[in-house]
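In the two complexes that follow, chain A is the common piece, with chain B as its partner first and chain C second.
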Partner chain A sequence: MTFPVEDRQGFSVVMLNGEIDLNNSPDARKVILNSLKKMKHVMVDLSSVEYIDSSGVASLVEGFQYARTNDLEFGLIGVSEAAMSVLRLARLDQVFTIYSSLDERLEHGS
Partner chain B sequence: MNTTPPDTSSQPVIEVNNLVTYYGDQKILDDVSLSVAPGEIMVIMGGSGSGKSTLLRYLLGLHRADAGDIRLFGKNIDTLSSHEWMEIRKKIGVSFQGGALFNSMTVGENVRMPLREHTSLDENTIKIMSRMKLEVVNLAGYEHLMPAQLSGGMIKRAALARAIVMDPGILFFDEPSAGLDPVVAADLDNLILRIRDAMPVSIVVVTHELQSAFKIADRITVLDRGRILMVGSVEEVRHSDNPRIRNLLTRTSEDEPVDVDGYLQRLTEGAMRF
Partner chain C sequence: MEGGEHLVTISFCSRASRLRLLRSVMRDAADLAGLDVPQTEAMVLAVNEACMNIIQHAYGMDADGKIDVSVLQEQDALVVRVRDYADTVDVEQVRSRELDDIRPGGLGVYLINSLMDECGFLEPPDDGGNVFQMKLFTREQGEGNDISG
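Up next is the complex of A and B:
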């Protein structure tokens, strides 16, 4: 399974969707890390994610850490309630930079 | 008190149908039937010798039923191939009474072990996943300690981190509060509720701790001498007028009626000469 990546207004937006679990989280990880190697600003869109397990969340953590280490921007947009409940369990909702949408991020300027 | 209602409209995650089991000639479980819905916390309660730990062992597939069947995720576990059973087993987490941590491994290695055994995830992903679960159970920073360096409550939490590291669909707890002081036990109850509210998991808790059972259960199965006395909500169990359930709730022991001949024979066999 591959996850689409869209270039929008200077951002690389990784579109995760469906159920992210042990079977496809390695694909999500690869797409996220590849996007960060190509673009300075990366957002992961979780609005179509029905379920994300901790291997999927670990891929997000790894992406975030890679971005911080390399002075890149990494954020989450459209975090579904299903995804947010998993983030909250490990208090990661307080760690990630989260926007409701790319538009909200753009309102914050550069 | 529980916050998220279980999804009782979907197919049960666990079904036990007319289960009968024996140890030797002794019947241990007699016609036990119950089901657990997705997202439900089912507490199995009963006194010593009620059969609750035996039921847990059968639910874990450690023994084969003498009659009746057990279905996990819709599949009869007695008819599965070893490969099919292994696939089911990956979706089950177990928090054993004593923790059952490997004493020769660090806490982190214990928690990571199921991921290393059953997945081919990148090592970075495995480390992050295991540390996330240690965060969840408030053991962040303890991954390098050995089990012998942990308190009883910490061992239970480390065992829980290992039980949930694969994001199981079913989580079994065997006497989670046993041996813990009331404050630590209450923390563990809260943790069980938080996990159920955050993850799509059905939870079965075997316990004789009434306070814990009433706090976390959606429904309670009361076992007595291998038979189900009732399956009901916390309120239904609390207000049951069944005398044996009342005894359990009020911690009153019930003397077995004395078989005079049998009793005398046990005491005097080989000791009396007339």
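Up next is the complex of A and C:
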């Protein structure tokens, strides 16, 4: 399984979807890190994520850390309630930069 | 299992691809037990995390291991026992990381502790392996710890 990536207005948008668990989180990690290696601004769209476990969250944390180390932008957009509840539990909702949508991010300018 | 009603036991090999099946069975068991949606999702995530730990750490991603998950409904709680047949774990080594320590791994144990009311390893079986038990007290809707924090 792989996850689609769309280039939109200078951003690479990684579209995670469905249930993210140990079975497909390595794919999520790969897609996120590959996007960060190609683009300076990466957003992960979680609007279609129905379930995420700690291995999926770990993929997001790896992206966050890679971006911070390499002075890149990394954020989450459209976080579903299922994903947000796990991020809140891990108190990562205070760590990640989260926007309701790419449009909201664009309103913030560069 | 002594006391309470045995709802289901599922046995599966230690492949990550089986976790989805596990979650489906756990959701049905929670529904049978009358848990509300937040408690169901809390229980499903906790059991998923426990089995993921077994796949990753106890069996070291070896897909030939066996995992048994049993669900028991007691009068005031749902009890889940997760059994593996790997080497007996050093319980002292199983701990969660500090949340301020932002790194990819180590969240699973924290999530289990946060989501379930009681959890811990039972006495190791005579024939080896480990049994990890989690308990979620059943409450009136709107009460208690749930996944929505």
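In the analysis below, the second predicted complex is superposed on the first by the 110 of 110 C-alpha atoms of A that agree within 3 Å, B and C clash if a C-alpha of one lies under 4 Å from a C-alpha of the other, contacts with A are read in each partner's own complex, and residues count from 1 in each chain.
The rule is simple: a residue touches a chain if its C-beta (ideal position, glycine included) is under 8 Å from a C-beta of that chain, and two chains touch if they have at least 3 such contacts.
Keep in mind it's a predicted model, so treat the numbers as computed, not measured.
Undergrad: Does the superposition put A:19 against chain B (first), chain C (second), both, or neither?
TA: So A:19 only meets chain C here.
Undergrad: Which of the two partners, first being chain B and second being chain C, lies in contact with A:95: first, second, both, or neither?
TA: Only chain C; A:95 stays clear of chain B.
Undergrad: Of the two partner chains, chain B (first) and chain C (second), which one does A:62 touch, if any: first, second, both, or neither?
TA: So A:62 meets both chain B and chain C here.
Undergrad: Report, in rising order, the residues of chain A that make contact with chain B in one complex and with chain C in the other.
TA: Residues 21-22, 51, 53-55, 57-59, 61-62, 85-86, 88-92 of chain A touch both chain B and chain C.
Undergrad: Taking the complex as given, what residues does chain C use to touch chain A?
TA: Against chain A, the touching part of chain C is residues 16-17, 19-20, 23, 41, 45, 48-49, 52, 55-56, 99, 102-105, 107-108, 110-111, 114-115, 147-149.
Undergrad: Can you check the complex and tell me which residues of chain A touch chain C?
TA: Interface residues on chain A, with respect to chain C: 19, 21-23, 51, 53-55, 57-59, 61-62, 64-65, 81-82, 85-86, 88-92, 95.
Undergrad: In the complex formed with chain B, which residues of chain A make contact?
TA: Contact set of chain A toward chain B: 21-22, 25-26, 29, 51, 53-55, 57-59, 61-62, 85-86, 88-92.
Undergrad: Going by the contact rule set out above, which residues of chain B touch chain A in the complex?
TA: 119, 121-122, 124-125, 128-129, 132-133, 135-136, 165-167, 194-195, 197-200
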